[in-house]
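Structure incoming, see below.
Every chain is named by a letter (A, B, C and D) in the order it is written, and numbering of its residues begins at 1.
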Amino acid sequence: MSRAMFGRAARSAVMSQGVDMSATLGSLAMPSPVLTASGCAASGRELDQFFDITKIGAIVTKSVMLRARSGRPTPRMCETPSGMLNSIGLQGPGIEDFIEEDLAWLTSRGARTVVSIAGESVEEYGKLAQKLRPAAGVGAIEVNISCPNVDARNQVFACDPELAANVIQTVRRQSESQTPIFAKLSPDVTDITEIARSVIRAGVDGLTVINTTLGMVIDVETMRPALAGVTGGLSGPAIRPIALRCVWQIRQAFPDIPILGVGGIRTGLDALQFILAGANAVSVGTMTFNDPSAPFRVQNELALALADRGFESVSQAISYGHRGADVFELEAEGETEPE
Amino acid sequence: MPIQVRGEVLDVRRAGSYYVLSITASGIPESFRPGHFVTIGIGGEESGLILQRAFAIHQVQSRGVYGGTLDVVVGVHGKGSRWLSERRRHDTLEIVGPLGKPFILPKEGVPCVLVGGGYGSAPLFMLAEQLRERGCRVDVVLGASTEEKLYGVLDIKRVSSMLTITTEDGSSGTKGRVTDVLPGIMERSNSVVVYACGPMGMLEAVAAIASEYRAYSQCSVEEAMACGIGICMTCVLPVIGEDGLTRMVRSCVEGPIFRGDLVRWAEIGTIPADALGAPALDAS
Amino acid sequence: MSRAMFGRAARSAVMSQGVDMSATLGSLAMPSPVLTASGCAASGRELDQFFDITKIGAIVTKSVMLRARSGRPTPRMCETPSGMLNSIGLQGPGIEDFIEEDLAWLTSRGARTVVSIAGESVEEYGKLAQKLRPAAGVGAIEVNISCPNVDARNQVFACDPELAANVIQTVRRQSESQTPIFAKLSPDVTDITEIARSVIRAGVDGLTVINTTLGMVIDVETMRPALAGVTGGLSGPAIRPIALRCVWQIRQAFPDIPILGVGGIRTGLDALQFILAGANAVSVGTMTFNDPSAPFRVQNELALALADRGFESVSQAISYGHRGADVFELEAEGETEPE
Amino acid sequence: MPIQVRGEVLDVRRAGSYYVLSITASGIPESFRPGHFVTIGIGGEESGLILQRAFAIHQVQSRGVYGGTLDVVVGVHGKGSRWLSERRRHDTLEIVGPLGKPFILPKEGVPCVLVGGGYGSAPLFMLAEQLRERGCRVDVVLGASTEEKLYGVLDIKRVSSMLTITTEDGSSGTKGRVTDVLPGIMERSNSVVVYACGPMGMLEAVAAIASEYRAYSQCSVEEAMACGIGICMTCVLPVIGEDGLTRMVRSCVEGPIFRGDLVRWAEIGTIPADALGAPALDAS
């Protein structure tokens, strides 16, 4: 595991609690490894009321499609033990309005932006990338491939290694070569490393791990599915062990691929778990609904947790949970410090 | 602008089948306007209930020994409201507010009717006060299924020009629904604005009556909300915009108060086919 | 959906709250649709201190292997938000000791028993079934196929439709034809209905849905995986929406296959959700650790919940959540009662 | 036989860095013997913490105004113990107990040493009383990192023949560990049984010293437990059986008290290669 991997990218160290918090996702350099999660921060404007959005790593915007979408009927959400289900159905403006309004605002505000895109066909993803190409302020593109492919009997792109690779190739081809492209993976597959391998071969710069996992609740009063969409995406602390396992497995299989860890992060110690498991940065999603300043709070708590453990920088901690058992033996005798 | 505060419970008292919580919430009363709501975190850091719950701000006090305080009226419905009803003096609560767009007040002293269903009366008290201050006549109608579920009858009497009560079981006031008495009141009072807060069905009916009497209506809706601040898109309903186009709008930031004649009440829970971005009919 | 499917099997109605609680899993008739879950009740002896184990549906015993197993090193468990991880590693006696001691005790105690078996090769599953064939008191066999196959590069049987089918065919062949055989499915697959289809074709009598889902926690003090086994199985209320979705999907695809629903059931209303989604019976697992009488309490709460909703029997409620929208319209006008 | 009860908190008091909870638990005191433990549910029905936590029973009273009551000593360690420390009079708790196998008491009045590390002293009080009743000499050693983390020094003095205190920082008693003073006490007292409760490292060292002095040792271990009643297999450790064979045994039902010379201390956290059912060395 090359822990010093991104050591040089972060030119000007951003210190917090004496810890260099700078982080990178491919060529996107950020002052912090804590980002928002797609669909859990809209386009940053609302959260800017609660904390300075330019101070966190980046805003990952709600997945945008080619044209404006009304989304699914309500009820669109349902609370579950330590989690929630959602079936928003990607409501939002089309890519053009998004670029003109949301992206422009984020850029003028000075925030770093990861633009999440979603399509219903490989072609649509390509068009989205094309539209983004001339736009200012695209720090990275996160390709949400957890969408059903209307051309292929509604199979979800993220569940098929070939479909997923096709999407990534197309987006890669239509984008500036210096724009980092991340593929957002679904945990709802037999082997997530197989999908990872496929999109890495297709030229992705990094992986966002994970999207929601498919769940369902039945309303015991109406005795029907609680969501109008029947099933929905499960998110929140409930799925944190699943997300962490996915990050760990992918890091084991691919020592060098940049990973943006997502799933149930509530505290700085949760974020630390993801970084130890191999994430280069993390997104805080659902818990922002509980605490609008969660991304900012998590960032501060993470800095403190790293300082407490003797880390001088975030990058020292990345993948540290994978270190060999020998290091452990030495440590048990109190002779090694976290490098 | 909304803020986040850690409040302290000063008092929890029963009122009929409701619980009224008084909470310190320094900063929120200062920017409060009637119709605003707050969200309150449930169960603490290790709770399995991860979503905040929304409550209309009932009363605020911006000064006094405790600094800013606010009251909410809680009807025990499910897990979150039950937990809130079990709070005691000195417990702390995480609060975000004031949220939403408040009621729009008339510039002049025109006659108004305020309609509250159940705990829906909660936001109407300070509204009534402010309307009276502007010289408005304020007729109030409170309705509920039964007497126990009426909130604040005695207190609202003081700020209302006339108060009418309805209960479905006849245990208090007129037997029936608010909409049974509303037309009569509209006629007598010549009201030009109707303010309403309560269940969706009631709002729809009130909005229809208001339209009938060519009154402007302001309805405070209650959609399930995951965030309350505009970032999750769970709380949408179909509302007609100034351009005549229907959009699925977020009730937490563009509401919870909407003009009754612009909400497509019958189509709540659906995506009207002519809504902006609605799936083309032939698509899946 | 044939809701009357098992109507006749339950000859002598077992009433609770005026509701006929009798249930069946294939040819196994039970006085109640509430069972324990494998690995969450040992062999029933300990729970019999807290409630009369003959009064619930059945005891599903801890998966037993051919020979005694010591399991994995500790720590074997870790609490997670509304759930837990475990990596017990199937510690237990071998099948012979199990039959002589545990099964014999359960039979003499008068409890119904579902024997869970686990093997490391197709052959081992066959041998396990052979050993069980002459044994008294085998109400049904639950085949835990969420084990790595040592012959096939440790691939998990439950994640491969062919391997899973091979196991089931072998067990079917080695068992009495009247012994119901259930395959226990893992949610960690791209399409659970594909695995279901494969084992149904292989002659299974029913499906247990679901086993744990793979998760992980990193101990923020040691900065290593919290479990000695690195990853573990996530269970408890956190995964309930996933389990319920799996039951729903399988019931949509296979209107008649008996389903034993498992995953995060804590209350009678949780059990009701599974039954409405299509489960014929349910297992209460992890929550028994929190409340040793949970299976019995859930059973009573379920009876009450069914009575409250006007059901006269459990079987009326099975799959009721799938009923057509027309029924719903009528109901909204207050004209239909749950059939 | 263990039972499940809903207890009521009668009192929570601080003692050094610990919290002592007195709880009604009708039925548990009646079958209690020293060394038994209880499990307590955390956070109520909507809690995200779904596992009960184990606590040694410190004191019991089977009569009195409240019927059966018991005391536990809680060291705040993580989420569950913190929640417990925040309970107040009248709060209810779900309790299962008495659990585990108790300490084995000598039939005659022989000299014994009781060793407690930190809150590990909790189960030793009633043990000391019962040993004294049988005419045993009871020497007690309590150790902790610092004075604050000693529990019950004054109270245990009353029931012990001699009390020795150690703290690692020297803030109270002898500076050092219990195992620094234990050999001297063994020599002076000629003890034939050593009872110990505390961290695993301490137990291992105490067991070794006991063996050295040919004394019988009874160690109360603390393994992470999911169920506490024997159904989950999470709490195992390698223990040598009467037949000389090592098995991974459940500390909740076959312990928590084990003969110190039969526990394979150094191999806790592993599966010894010669344990029953251990993976063959060539297998994966």
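Following the convention adopted for this analysis, a residue touches a chain if its C-beta (ideal position, glycine included) is under 8 Å from a C-beta of that chain, and two chains touch if they have at least 3 such contacts.
Note that the coordinates shown come from a computational prediction; the quantities given were computed from them, not determined experimentally.
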item: Graph distance between chain A and chain C, where chains that touch are linked; value: 1
item: More contacts between chains, A-D or C-D; value: C-D
item: Chain B and chain D: spacing of chain centres that average the CA atoms, whole Å; value: 55
item: Whole-Å separation of chain centres (CA-atom averages), chain A against chain B; value: 36
item: Centre-of-Cα separation between chain D and chain A, whole angstrom; value: 45
item: Shared-contact residues (touching 2 or more other chains) in chain C; value: 81-83, 236-237
item: Chain D residues counted as touching two or more neighbouring chains; value: 48-49
item: Contact graph of the chains (line, ring, star, complete, other); value: complete
item: Touch list for chain A against partner chain B, complex; value: 39-42, 46-47, 49-50, 62, 67-77, 79, 81-84, 86, 88, 91-92, 94, 150, 154, 228, 236-237, 286-293
item: Complex contacts: residues of chain C adjacent to chain B; value: 81-82, 237
item: Chain C-facing residues of chain D, complex; value: 1-4, 41, 48-52, 94, 96, 223-224, 226-237, 247-248, 253, 268-271, 275-279, 283-284
item: Of chain B, residues touching chain D in the complex; value: 42-43, 46-49, 79, 83
item: Complex interface listing, chain C residues touching chain A; value: 80-83, 85, 159, 188-191, 213-218, 220, 222-225, 230-231, 234, 236-242, 244-245, 248, 264, 269, 272-273, 276-277, 305, 309, 320-321, 328, 338
